[in-house]
Each structure stands twice: as C-alpha cells, then as structure tokens.
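Every chain is named by a letter (A, B, C and D) in the order it is written, and numbering of its residues begins at 1.
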Amino acid sequence: MSDFIQHIKQLSAFFFASDAKGMKTAYVELAKLIPAPAVDDWSAVEFSFNRLFVGPRALLAPPYASIYLDNDQTRVMSESTIQIRQFYGLLGLVSPWLNKIPDDHIALELDALWQIDTALLNSDSPQLRDMRDYLLAHLQEWTPKFHQRIHAIDDVNPAILHIVDMLHQLLSQETSTTILKSIE
Amino acid sequence: MTRYAFSVNAELCIGCSSCGMACKNQYNLDPGMVWRKLYPLSEEIYPHKDRAFYSLACNHCSQPACLEGCPVGAYTQREDGIVVHNEDVCIGCRNCLRNCPFGAPRYNEEEGHVEKCSMCWQRIDEGLLPACVQACPTNALTLVDLDTDDVSGTVQYPPGFPYRPDVEPSTRFVLPVAPKVVRRDV
Amino acid sequence: MDTRELPLILFTLLTQLAVGLAVFAALRQWATVEGSSVKTRNEWIAILALIGVGVVAAFFHLGKPLGAIRMLANIGTAWLSREILTFAIFGLLAAISLYMVYTKTANGWMLKLTALVGLLAVFTTGMAYAGKAMDAINNLLPLVFFMLTVFTLGPAVATYFVEEKTHALLTSILFPTLLASLVVRFVVPFIWLSGNAVMNATGQNFLTSPLHWLHLAALLAGLFFVRNGKSIPAWLPIVLLIGELLGRIAFFALVVASGANLGGVY
Amino acid sequence: MQEKNSLGNTNIQQTLGSKVSRRDFLKMMAAVGAIAALPGNGLLRKGPGASVMPSTGYEGKDAYQVFHNACPRNCYDTCGILSYVKDGVLKFVEGDPASTFTRGGLCVKGYSYPRSVYSPDRIKYPMKQEGRGSGNWVRISWDEALDTIAKKILELKEQDGSLLGLGMTKYSGNFGITHYGVEGMMSSLGYTTRFVGTPCWPAGIDAQNFDMGNMWCNDPEDMVHSKYIIIWGANPCTNSIHSMKYINEAKRRGAKVVVIDPIFTQTAAKADEYWQIKPGGDGALALGMARHLLDKKLEDKAWLEENAEGYSEFASYLRREITLDWAAEQSGIPVESIKQITEEFAAVKPATIWLGYGLQRHVNGGANVRAIDAFVAMTGNIGKVGGGARYGHLFTWGFNYNALVQSAPEGSVGYTGKTGPMGEFDTGQGGDAASYTDRAFNINKIAQEIMDATEPPVRMLWVANKNVLSQDFDRNKIIEAFKKLDLIVAVDLFFNPTVEQADIVLPTTTLFEDWTVNVSYWHYWMSINEQAIAPMYETKSDIEIASALSAKINSLKAGSCTFPENIDSKEMMVKEFNDGIYSLFGIKSWEDLKDGARKAKLVSSASWSDNKFGTPSTKYEFKSSIAEEYGHTALVKYKEPREAYASYRLLTPHSKYGLHSQFQNLDWMLDYNPEPLAYIHPKLAREKGLVDGDTVRVYNKTGEVQLKVSVNDIVPADTILMYEAWYGQNNPFNVNILVDDESSDMGKYKTGAPGVAIHDQFAEIEKA
C-alpha cells in the first residue's frame, strides 16, 4: 500500500513536470521503487513529452480524462471535467489552477488519489474508501485508453513509455485488488 | 391552441449556415453530429449549383413516423406539436432512422442513442426562440404557429422535399427566386 | 454495407428459418394420421437453437443492449414491439412443443398453434421492416420477401430431418415457392425503376449488385434440381441458405432512404 | 444514462456495484469532513461554498452567468456577443439583442467560438523551439521567455545604436482597441521597423479620400430607404450577413438590387439582376455608365454645380475618351445592359452603390473605386439618406489609443527618412515630437522588405494578431526571408504555419479571457468585451505581455521601455474612452456598455449630409491635387488592368466558414466544410477532362497547391476560384502560395503603403 502511495505521488510529479529536470527527478524517484531503463538524453524525453502532453503543436495524447471519457474528444472542460472538480470538492480539495488547467489533468487526479490514501493511513473512513473506489474506477476507465493511444504513436521516447506502462500496471493491479475487497 | 412549426423561406435564405452552427453551439453537439443543416437544391430545381438551400432539421410531423415506430417510446409529442426525443429512454435500435422520411434522427455511435432537433422546447417554454431561428440573419428561418399565423403563400411539399402527407411534416416553405443573369461570353 | 445491420440480417434470416422448420414439423404431424408418433424432436431442438442464436444476434444491433426489455413498451403502435412480443411467444410455444414431443405427449394442435404464431411473428417482422423512410419497401414487399424465405428455407432445410419418402411432401411446397420467389425478386427491381427518385435509385442498386443476381442464381439452381417425386440433393439447402443470406444483405444494404435525397428531385 | 449524468461514466456501476451513486455523493458531501490538505503536488484546501453536481445540455437561461463580449475579427459586422458561463466554463454564445444590426444573431463562425476556447490544441505555455521548424519545443516560464526577448532587444540596440533591427508585423487577428498595445509596446521601446499598410482595403481608402476627403459610409441600416442598390464587388451573404436584411427590406419596398461581380456569388443569387464583370474592368464600366449619364443628360446638374470640383473637366474627359462600346468591351457587359441600369439608377433617388473590397484588390483598384464614386456623385446621391458610395468608415474609432500611443525612451534613435501613417487606424496623433520616426516597411511585401533591409537589417520579428505564413503573399519567398532573422517571436492561439517557424511562441488569450472594446468599420455600434472566463493555462493578453516585457527589460536596463509596467487590459480599455466617444454614443461611462451594445448618435444616417467634404476644396473632387501628389492622375481616369501572366484568372476571396486563417481549423467548422475546393466552369472542366472530386494541381510562378475541383457555373470559364483558409496543421492548403506581392495602385496616402493586387493573379490547372 504505502509503496503504491509513493508511486502515485511520483507519477503525479512526472506528469506535472514543466521541464526535463522535473521529469528526471520524478523518474529517478520511481526508478528506486521499480527498475527503469536508463536515460541518456533528457532533452529528447522533454521534446517527446511536449509533443504528447504540452504543445505547442496539437497534442498527440492530451492528458485530460474527458478526452477519453467523452465522445467529444476535441474539447476540454466538459461536463465530466466539472464532475471531477465536484469530486475534489467533496474531498475538501480544489485545484489551484481552477478554470485554467482542466481539473481532470492526469497529474491532478493522481494527486487526489495520493491525498486520499495518505489520509486513509491515519483515519479509516468508509466514505473516504468509497471515494477512493470511485476515483480509482474513474482513472481505470480512461487511463487504459490514454496508455493505448500513447502506444499507438510512433517514436515515443522509451522513458515516457516506461512511465505510462507503469501507470497502467499500477492502476490495473490496484483496481483488481479493490474489487476483490469490495466483493468480500 | 398552438401548433409550432419551422418556416423555411428559401427566397430569403442566404446559405450562411448560422442556423446549423447555432444549434451545435446551443447543445454542444459532438463533432460530426449535426441536427440542422443546409441542403443545396439540385440544378433541376434551382438553376445554379450551391446557390439555393433548404435549412432542415426535424419537421415535427403531425403523424410522426419516428414516434409511431419507436419500440421503447423514446419519442413523445407535446400539445404544441413539438416531437421530443428522450436520449435516456432510447436504446439505439435505429428503427426511427428506418421510418423518418426526412432523415432527421441521427445515430450517435459512441453514446449508442439517437439524437434530433428538439425545436429548443426549453427555450420556447422560456419565451425564447429556438437557437437556429434566433440566429437567422434574414428571417428566412422562422417559428410559426400553424393554428394562428397566416401561412398562406407557403407550401408544405416543395420540390426537393418528399411528398409525405402520411406523416404530415409541419415545416412550411417558400421557394427561391433566380435573378436575371448577364454573363460575359468566354 | 453498414456492418451495424449484420445482427438484424442474422436475426431475421435465422428466425425465418426457424418458423419454416416449425411449419413443416407441424405439417408432418398433421399430414400423418397418428400424431405424436412422427419423430420431429430434432427439428424442435434446431428451431429453439435458431431462435436462440437469432435473438442473441439481435441484441448486438442495439446501442444499449441492456435496455432491450423496454422494447415491449410500445405494443400500441410500434410493429417492432409487436415483433418482439410475438417472437417471445413463439419461442415459448416452441419450447413447450419440444417438451411435448420429447415426452411423447405432443398433440397436433399445439404444434400447429406454434407454427401459426411463428408465421404471425414473421408477419410482424414484415410490417416492422416496411420503413416509412424507405419508399421502395414501405409496403407489403418485406412481408412477401420474408414469407418467401420462410417457405424456401423451411422445406429445404427440413430435408435434413426427414427420411427420403417425405421429400415429396417438401418438394411439393418448395418448387412453387422457388418459382414464385424467382419471379417476384426478378420483377420487383424493375418496378422500382419506374418509381420516384429514391425507388429508382434502389432499383438501380439492386440491378447492379452481384448480391441480388447471386441470390437469383441460387433460386434458379433450386428450381433446376428440385423436381416432383425426386429427392432433394443434400447440398441444395446450403446453396439456398447462402442465396437467402445474400438476398437479405442486399435488402438491408441497397434500399435508399428518402432522407438521402433532400434538395433533389423526388 | 442516469448514471452517466451523475458520474460521467457508466462502467463504475459494473466494476464497483452501485457503490457510488449520485445520492451517495451527496451523502458523502455531508459525511466526509474535509481532509487536511497535505503537501501534495497540487490540490489545495478548498474554501467554503461547495457547488452542486453538474448536469448536461441546456439548463435554462437562469442557470448561467451572462457576459457581454464582442467579436473582434476583421469583419463588417463586428457582432456583440452574449456569453453564457457556468462553473466558470463558457457554455454557449448568442448575439447581443441590444444591437439592431445583429439582432441577437451571430454567424457560422461566431457560434463556433466555444470550440476555440476549449480546444485541447490551444497554445498553453510560452515555449522555445530548439532549431526553427525542428518541432523540438521546450516549455519555458514567462520570465525566461521575456528575459530572452529583452536581452535580444538590448543587444540589437547595442549593435545598431537603434532598434530599427526590431521589426513588428500585426494585422487584423484581433481588432479590439486595446490590441494596439502591440504597436504601443514597440513605440515604448523606441523607434522600430513597422510593417505598415494593410492587405485589405487601402486602395479604396485612398480613392475615397481623394474624392471626398475621407472614407465615410452611410449607416448600413439606412439601405432600407434606398430605391436602387448596386452591390459592386461585395458579397454580404458571406461577409456581412447582417446587412442582408436591410437590402431585403429595401427590395420588399420596391427597390431593385443589382450585383456586379466576377463570380455568381450567393449575394448575386439574391439580386434582381447579376452582371458577370471582367475582373478589373470595373473602372471602365463605371466610366461607361458615367458617359451614358452625360449622353442622356441624367446627371444631377444642381448638386454638381453646388458641390463638385473639376466636374466639367471630367465630363469633357468622358466625352473625349470614353464610349459605351469601349466600356462594354473592357467590362464584358453588353451596351444595352449598361444603358438600361444607368437610366434606372439615375431615375430614382436615393440610389446607392456598395463598393466591396474585392474590386480594389487590383493594380487599377483605386482608380476603379474613384470611377464608381464619380458615377454616384454625378447622380447626386452622395450625402443622401439611403444613397452614397458605401465603402467603409472609421467614424466611430476616435478612441485615445492609449495602448497605441507610447513615447520612445529618452535618447532613442530612429529613422530619419519620410514615413507616412502606420496603417489605416493611425490617427496621426501620438508619438513625441522627435525628429526620429519608425522605419516603415510595406506590410504586403514582408519577404522582399526583410531581404532588402540594410542599415540595420531586420534581425528580430515580433508577430501578433497575424498568421504571416498563411496570409501574407508569396509564402515561399517569406520562408526564404525568415532565414535572415535571428529571433522570431509569435503570439498566437493555435499552432499555425507562422508559429511553426517561430523561435519563441507566447500563448495569448481568446476574446472571452480579456477586456477590450470593439467598433465596426461598417455599422455604427460599439460593444464592450468583458472578461467572461479566467484565462486558460498561462495565456496573456497583448497588454499584459507588453507590460510584463516592459518590467523585464527595465529591470535589465533601466529606462529601456516606457510602457506601464503594471497595467491590465481592463485598465487599459478604460483609458481608451474619452468625452468624444461618450458624447458620440450618448453614454456617461464605459460601464453603460455592460447593458448592451450602443449605437453612435448620428446627425444623419447619411455621411456628408451637409455636403461639406474633407477635401482641400471642401467639395467633391473629380480632380484631386492630393491624388496627383501621390503619383496618380488628378482627374478620375481609366487605368489599365494587370497583364495576365498565366492562362486563367485566379480569384481567392473570403470563405463564409472562416475569417482569413481563423475558424476553419475548428472541428465543428470541418463538419460543415471539410476540405478546400477549386471551383471551375463546366466548359473549362470539359477542356481539362475534369469532373467533380478530381484532384488538380493549380500552379503559377509563385507556387503550387493541390486540391479537389467542384464543377460549377458560378465562375466564368476563364477563372479558377478557391477560398482562402487555414484548415489546421494537418492540411497544407494555402491560397497565398499562388498570390504574388504585386501592389495595387493606391494606399500609400492614408495607410502608409499600397495594397495588394490579390485578385490580379493567374494560374494554370491540370489533373493531378
């Protein structure tokens, strides 16, 4: 569990990175937990990262949930984005980039998951568990498509592929264990 | 009594497409989804290609074939004649596509349901015009009440539109007029 | 063609085959003096299986399969609802018939009733597919087409369940049906040509489509090899089945909707 | 579906049973005490006021906050917009019902606005390209971006002793008044190189200034009073859709409408009569019509007597050199038609001509406009309600241009040669009285000017409100010229061909994220543009960029920039208003505009209603000394059209689905207009063996484009028509690959540079 928390925090940090340095820091942290391929050229990672998630060219894999959950895949800030904002609201949380960065940005959603898990460490509230289940299910609904889309793109930097694979694997595992628990 | 209908005046229509885009804008339709659009008249009907149009969406028929054939009752018709489709009830059997002579219902593959023009009944209930009608810069597209408004001088079945008295489409039309043309000889 | 229609192609074809088999199972029972002694168990198993597969297939044409049960909601006006209902009853009766045949308690009336409801179900299908958007088939043609399929595939496939001597009975039905089917299906597209723009376009589509001509070829082959008194070759039902399948694909793929011609001359 | 509404995804129900339903959510809201916000990566503790669950679709007017906005695109109609906002998100837009001109409507472009705001493809952050055109971009902070830019500017100053090495090109991407802050930013840095003039309408502006002393059209709403309307080279059905209702109304009241255009436009289809004129033959036709007025003695002698200068000379010129047969020959319009329409036009008053911008995009465009003006003047329709030679106006543009008017820092060195105005909106006021000025280059010859520039060469280019590589002429030449530049900075919304060639891109706000005020060059309404939503990502308005750059460069070297360091668009907008504007529009304060668009209080809907003209003679001048000064004939005279340089005329007018390179790239627009087409006449199609949908090569000396053809009799057989547009980054289509930078005759006088002969272009066409 606590390992999972660490992963989520660092994954969130990676997707939040605004430059190669930030990507490297998170990557190195994650490498401590799960062995990762060595990276020699970090600016190559950054170029690739920006083509996928940042711009200025049209994004190859926009990092926003609504793009994968809605039929409308060319609009951000949709209803489902606002629902995630409401969800943060229920947790008593709010994005500092309200109405600037869509609330369903992957890094923010992972951060929310991290916040819940950290809170659960010292207080086991059934409601919090329900909300964790919801967030996890929500992530598990779109991140596989996100993962798939990135894999469909030519010459994505291996470091980024490693990260999205890791994200995919962690969330899938966590979801299955959660479902098992919920069945008991 | 009130019987709402669209009136499409092709003489006044300037083919600007504002009506169709106003509709997408009002309901934030998915890309690719179109409830209202312009249908250019073929040269047998109007002598110049792409220069005369019917702006068409749902014709809110008096005997709606969509409603009659819908197995789940997703369609209802209001007192005022507006045919409303309920996406939540719809199960996407597309039988209405097989029945509407005007191709008004559109299938949304992703959502697995059919969608169509609602004549903006919520706006009408608020005393507003449908988004498309409000958007029309020349009053070519108007909302009429067939029970009270004078629609003489309009036709129900113009060329370029199916003759279907069996479903009684409510839309009324005015035909386009072509100008005198002086061409250079080249 | 629109692959979304594939489930319906299967549904209509398989259920019509099922009804055809039911009719002949009942017929044989009725045609013989001592009712239940005739062995029709395998037919009824096949019939149930066909209905099952057909219905399962039908689910796949829905955008929201989970809502299928709601399809009974509009019995009042929607032929589609009525179709679902009658097929449900047909399925039920077929199950009962199988049970009775199995337990040797079958009586002719029950089987005849089942066959009758089956025909009724095909009737509702015929009405349901007379779509108002499709000028070419907004009439009794779907019903005619479907019934012809019933009386083509029924006797043809039934040959697999009966012994040689009963072939005569089947042939006596199959031959005229094939003849009628061939004539109707050959003539209709030409009649469409003389109709309005969308009917004409439909006619054009058919007359230029290999699907249509292969279907006719299958029927012709049938006529050639089905002779009174002669037995039906084992491969023929397969050919006819394929023929009907191609014809059914054509039916779903080639009919033009009037909405496709807005702005054009009708 | 129910679950979809409440949870945004249905599968949860399957995966976790019905654990989390809408109801549970509300329960949770009550149950869950806010967790202490931990030092995570982003999410913070939320303040009070948890909002309710969202729902879909239209929720009724009351569910939204409504803001006033204004469409700032380069368009006649400049529509007031109502923006409906919920949860801080723009949901949909409508027209501002307060304006009788737009009457609550927008256009196909305006209704697509929510798509551009929330397109995932928007430029989000300042970014730096490692290797121009390499596609290798790194995200940088605003601070780093401005630092790089400021240092480059200081370096140029160091190197050249002036800032003339810094060039700026900007045009009509956003006509909001505060966007002149871009020019202001340049002025506040010193004397720079400006790409001046306009690709749009300069020849006509000069022509009307020579004739009447200003470009000043009647209120378009008074066309309802016109008894005869000639729409000459304009296509309002596409480019000013809200004007059509007035023309229709005039028609309903019995007016005759004639459309003169090389193309059978949508507007032509709405006319009583359409003339397919030979492109560039407009002047000849107008002079022929004028000659016929003389022959039939239909001119308004009294008015001419009173109000015209040089008329007799003009009349004798007509008698001496113009015949109807010649006019028919030059224009392609038969003599009989010319006679008939001329007589009909002269027989009624008021009668009016709407001169479009298309007809002056020729090497003889200005001369053609003067000839048409002259015809209207002869019939005595100038200064009449429902009459006039309508072209455009800047009557309502009398703002302070606070953003624009900035003085150069102490001791700035600049250009000492003679320069003219810096574009059509340059009110002449402003700048300090220094002997130095900016260096003015022709905006329409950007490639050539950059290539030829010396002492100093242009080393840095600032691009704002402009997509140079889509909209400027001879695209291939521009790519070459750009190689001479050390630093290109592009400020934009989307990754367009210009951004592709930039070294630094700065993300800018949409109109919904900024404050400004807008007026039109056609109608007389003014609309405020409120900030309706927070700026997405790290976008900044032109004003915010200017003030941030000012702060940065002054921190590096004090006294380098005079632009206010802490000012936002709203403050700047407020400063734009003055008593002149207030009294013209009859408002007490700019705040009044929050109730809706306002119309100027006009003495008369007619321009020049008092017949006091702005010319030296205060009369209507058929003979203009100023025209002569600028190298044109003083007298209104025929000017030869451009020689063809290829087999077919190429016309590249505006599309209804886009405005220059904006809108057509949006997904919704592609639903209605998926791809570019070349329109050719059936006769030409037969000659070339082409049918609808064939792909063709259209090429000439400047380049080649490939696209599909539509065989269509709206074009003559000697003409290829394709609409200008940028279809987004995956479609290289660009008509300006085929348009050279040949100048039109006029424009220097009022806009600082001549226009471009956009419609004097020629090309070949072959099956690809």
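One rule holds for everything that comes next: a residue touches a chain if its C-beta (ideal position, glycine included) is under 8 Å from a C-beta of that chain, and two chains touch if they have at least 3 such contacts.
In this text, all values refer to a predicted model and were calculated from it rather than measured experimentally.
**Q** Show which chains lie in contact with chain C and also with chain D.
**A** Joint contacts, listed by label: B.
**Q** Strictly by the touch rule at the top, which chains does chain A share as contacts with chain B?
**A** Per touch definition, common to chain A and chain B: D.
**Q** Looking only at C-beta pairs in contact, point me to the busier pair out of B-D and A-D.
**A** Most C-beta pairs in contact, of the two: A-D.
**Q** Need the CA-centroid distance for the pair chain B / chain D, whole Å please.
**A** 33
**Q** Which whole number of Å gives the spacing of the CA centres of chain A and chain D?
**A** 42
**Q** When the C-alpha atoms of chain A and chain C are each averaged to a single point, how far apart are the two points in Å?
**A** 53
**Q** Where the CA atoms of chain B average out and where those of chain C average out, how many Å apart are those spots?
**A** Between these chains, centre-to-centre, one finds 37 Å.
**Q** Using the touch definition from the top, which residues of chain C touch two or more other chains?
**A** Not one residue in chain C touches at least two other chains.
**Q** Of all residues in chain A, which are in touch with two or more distinct other chains?
**A** Where chain A meets two or more other chains at a single residue, that happens at 74-75.
**Q** By the touch rule stated above, which residues of chain D touch at least two different other chains?
**A** 114, 667
**Q** Okay, what are all the chain pairs that touch?
**A** A-B, A-D, B-C, B-D
**Q** Quick one: in the complex, what on chain A touches chain B?
**A** Checking each residue of chain A against chain B gives 70-75.
**Q** So in the complex, which bits of chain B are touching chain D?
**A** 12, 14-18, 20-22, 24-28, 31-34, 37, 48-52, 87-88, 113, 120, 122-123, 126, 128, 131, 134-139, 176, 178-186
**Q** Which residues of chain C touch chain B once you look at their complex with the stated criterion?
**A** Residues 4, 61-65, 67-68, 70-74, 77-81, 84, 128-129, 131-134, 257-266.
**Q** Spell out the residues on chain A that touch chain D in their complex, using ranges where they run on.
**A** 9, 12-13, 16, 18-20, 43, 46-47, 50-51, 54-59, 62, 64, 67, 69, 74-80, 82-101, 107-108, 111-112, 114-116, 118-119, 125, 127-128, 130-131, 133-134, 137-138, 140-141, 175, 178-179, 182
**Q** Using the touch definition from the top, list the residues of chain B that touch chain C in their complex.
**A** Touch residues, chain B against chain C: 39-42, 44-45, 53-54, 56, 65, 67-73, 89-95, 97-104, 107-109, 111-114, 159-164, 166-167.
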